[in-house]
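By letter and in written order, the chains are A, B and C; residue numbering begins at 1 in each of them.
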Amino acid sequence: MRSPALNLIAENLTIDRGGRRVFQDLSFSLESGTALVVTGANGIGKSSLLRTLAGLVALAKGKILLEGGEDDKLPQEHAHYFGHQDAVKPALSVLENLKFWQSFAAPAQTAGFTGIQMTPAEAVETLGIGHTAQLPAAYLSAGQKRRLSLSRLLVTPRPIWLMDEPTSALDKASEQQLLDLMNGHLTAGGMIVTATHTELALTNTKILHLQAVAPDASAPEEMLI
Amino acid sequence: MAFWDYANPTRFLKLVQVLLPWLVGLCVIFFAAGLYMSFFMAPEDYQQGNTVRIMYIHVPAAWLSMMCYSVMALSSIGTLVWKHPLADVSAKSAAPIGAAFTFMALVTGSLWGKPMWGTYWVWDARLTSVLVLLIMYLGLMTLWRTMEDPIKAGKAAAVLTLVGALNLPVIKFSVDWWNTLHQPASVVRMDGPTIHPDILWPLMVMATAFTLFFFVIHLMAMRNEIMRRRVRALRLRAAASSHPGTAAATAQPAE
Amino acid sequence: MTGWAMALFQRDLRLSIRVGGSALVGVLFFLAVVTVIPFGVGPDLNLLARIGPAILWIGALLATLLGLDRLFQADRDDGTLDLMLMAGRPMELVVLIKCLAHWIATGLPLVIAAPLLAIFLNIDPIAMGAVTLTLLVGTPALTLIGAIGASLTVSLRRGGLLLAVLVIPLAIPVLIFGVSAADAAIHDPVPFLTPFLILCALSLIAAVIGPVASAAALRFTAD
C-alpha cells in the first residue's frame, strides 16, 4: 500500500459569485489516489467549486490546504484545470499549442506522485490525434480540440486534476480512453476532482453531493453584498 | 467600539443616523457664516471688483475635488488590502461627488476667467489638470456602471483609482511643464505667498463648510448605496428561491 | 526559468502575426489619421511642419489604443487566461512579456512607419529622427499603461471605447514629453535631452506600474 503523500483539505469553503452565495461551509479532504466526484443539480455550484479549487474564484471564507505539496507553491499551482473552454489557439498548430503549455505551466513534483511527463508528440499520439500534429488547430473538430486540451494534462505533471464535465463532446471510445487516463493518474498517486452528470467508472472514488438546503434565517439586513 | 466594527453595515447605518443631523446643522451654520462673510465682509478686489467673490466658491470646490480623490484612494486601499466591504461603498459613492466638485471648480473657474482673460477657457496649467481629473472621475464612474458584479467592479475601480493617484502628481508635473513651455506665466496668480486675513478668513470658513457638505452627502450616498445593494441582494435571493443560495455538502465514500 | 518566458513571447508574437495582421491594421490606421489631418487644418506645409510631431504622436497614441483591447481578451475568451493565472508563473512578468510581444507586433511597426509619414508632413530630417526616437522610447509606455486599461475592461464585451477613456488621462504625460522632445529638436526652447530623458523615465515607471496594476486587476477580476 502507498502511504497518502498528498492531502487536499478544504475547510469551510464559502463563496459568493455575482452577489449570490453559491455555497457555504463546505469541507472535505482528499488523499492521493482518490477521485472526488462532485454531483448535484444544475446551478448548485459544481463548476464554482472546481474554479475555487483552481484559485480562480476568491473565497469569501475558509481555506484550501495541500499537505505534502511544494512549500513555495499555492495549491492551485499543483493542479490542472480542465474546464468547458479548451484554451486552444486556432492559429497555432496542434504541436505548437501543446509545446507552449508544456513550457509555460510549471510542473509540480511531489513525493508519492509518479506521474510521468510525456512529450507533446507522445501525448497527441496517446489521445489519437497524432495525425493532426502539424495542422493548425483551426481544422480540428470539437472533439479533437477537446482531446488536444486534454493532452495538456499529460505534458506537464501535476498531481491534482480538476475536471469539469470531462466527458462532454467526447464519443464513447474517447470516453473510455479518458477513463483509462484518469485511472492511470490515480494509480500514479494523483488525485482528481471532477464534476459530472454521467457515471464515471473510476477506481477509487468519493462522492461529494451538493444539495440545496432550506433558506437559512440570516437576516438580509446583515448582508451587504 | 473599534473602528473596524463599523464594517457591519447595520451598525454603520445606525452611526450615520446619529451623526447626520449634527453634520447637517454644522454645515448650514458654516455656510451661512461663510456666505455672509464672503459676500458682505470680504473686500472687493481693486482690479476685479465683485468678480473676485467667485473665488470663495471656486477655491473650496477645487480643494474638495482633490480631497475627494484622496478619500477614494484611501478607500481603494481599504478595498484591496483589508477587503473592507464599506471601503468599496465609500469609494463608489465618493466618485460622483468628486466629479460634481471638479465640474463646479471648472465652471466657476471659467466664469471667473471670462472677465480676467477675456475668454471662458484658457489652457492654463491648473485648469487643464482639473479637466484631466474630471475625465478620470467620469471614467471611474463609467467603469463602475459597466461592470455587473459590484464586488468585481469595486476591485477594478480600486486598482484604477490607485494607479490614478500615483499618476496624478506626474500628470500635474507634466501639465505644468507643458504650460510653461507654451505660454510664459501671464496669468494673474491669486495665491500669492501672503493672503490678506480679510480674504483668508471667509475662504477658510467656506472651505470648512464645503468639507462638511462633502461629508454630509458622502454619508448619505453611502447609505443609499448600501440600500441599493440590499435591494439587489434581496432580488437575487428572490430569483434563486428554488435553490436558495446555500448548499450543504455530504461527503461519503463510495465504492 | 527563461524557457517559459521565451515560450510565451514566441506564442504571442506568432499569434499577432498570424491572426488578422494586427500590425498592418495599426499602421494603416496611423496612415489614415495622418492623411486626415491636412484636410482638417489645410495643406499649409509650414503649419504642418510645426504641428507634425504632435500629429505623429497623436496618431501613434490612437493606433496603440485601438489594438489594446485584444491584449488579454482573446486569452480570456478561450479560457487561456484562467490557465495562465494558475500556471505558477509570476503574473506581473507574464503581463510584461505579453506587452513586449504586443509592442513588437503593433508598436514597432508604427515607429518604423513614422519617418515615412513624416515626409507627408514636411518634417525635416533631424526632426524626423527626433520624432522616431521619441516614438521608439515612448510607445512602450503607451502599451504598458494601456495594459492596465485592457485588464480592467477584459470582461466587458465592448470595452474598447471605455479602455480609451480610462487610459488617455494616464497617457497625457507621455504625450507631453514625447512631443516636447521632438519639438525641442526642431526649434529649441529647451535642450532635447531634458524632455527626452523624462520620457525615458516615464517608460521605465510604466514598466513597473503597468504590469503590477494590470496583474492585480486580472487576478481580482478572474471568475
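One rule holds in what follows: a residue touches a chain if its C-beta (ideal position, glycine included) is under 8 Å from a C-beta of that chain, and two chains touch if they have at least 3 such contacts.
Since we're looking at a predicted model, the values are computed, not measured.
Greatest Cα centroid separation from chain A: this falls to B.
The most central chain, judged by C-alpha centres against the centre of all protein C-alpha atoms, is C. If you average the CA atoms of chain A and of chain C, the two centres end up 37 Å from each other.
In this assembly, the C-alpha centroid of chain B lies 31 Å from the C-alpha centroid of chain C. Rounded to whole angstrom, the centroid-to-centroid distance between chain A and chain B, based on C-alpha atoms, equals 45 Å. For chain A, the set of residues that touch two or more other chains comprises 17. Multi-chain contact residues of chain B (touching two or more other chains) are listed as 149. In chain C, the residues touching two or more other chains are 220, 223. Note for the complex: chain B touches chain C at residues 80, 132, 135-136, 138-139, 142-143, 146-147, 149, 152, 155-156, 159-160, 162-164, 166-167, 170-171, 173-175, 177-178, 181.
Residues of chain A that touch chain C in their complex: 17, 51, 54-58, 73-74, 76-77, 79, 81, 83-89, 91-92, 96, 99-101, 103-106, 108, 152. Put simply, chain C touches chain A in their complex at residues 3-4, 6-8, 10-11, 14-15, 18-19, 78-80, 82-89, 220, 222-223. Those residues of chain A that touch chain B in the shared complex are 16-24, 26-28, 36-37, 40-41, 43-45, 205-216, 220-225. Against chain A, in their complex, chain B makes its touches with residues 8-10, 85-86, 89, 148-151, 226, 229-230, 232-234, 236-237, 240-254.
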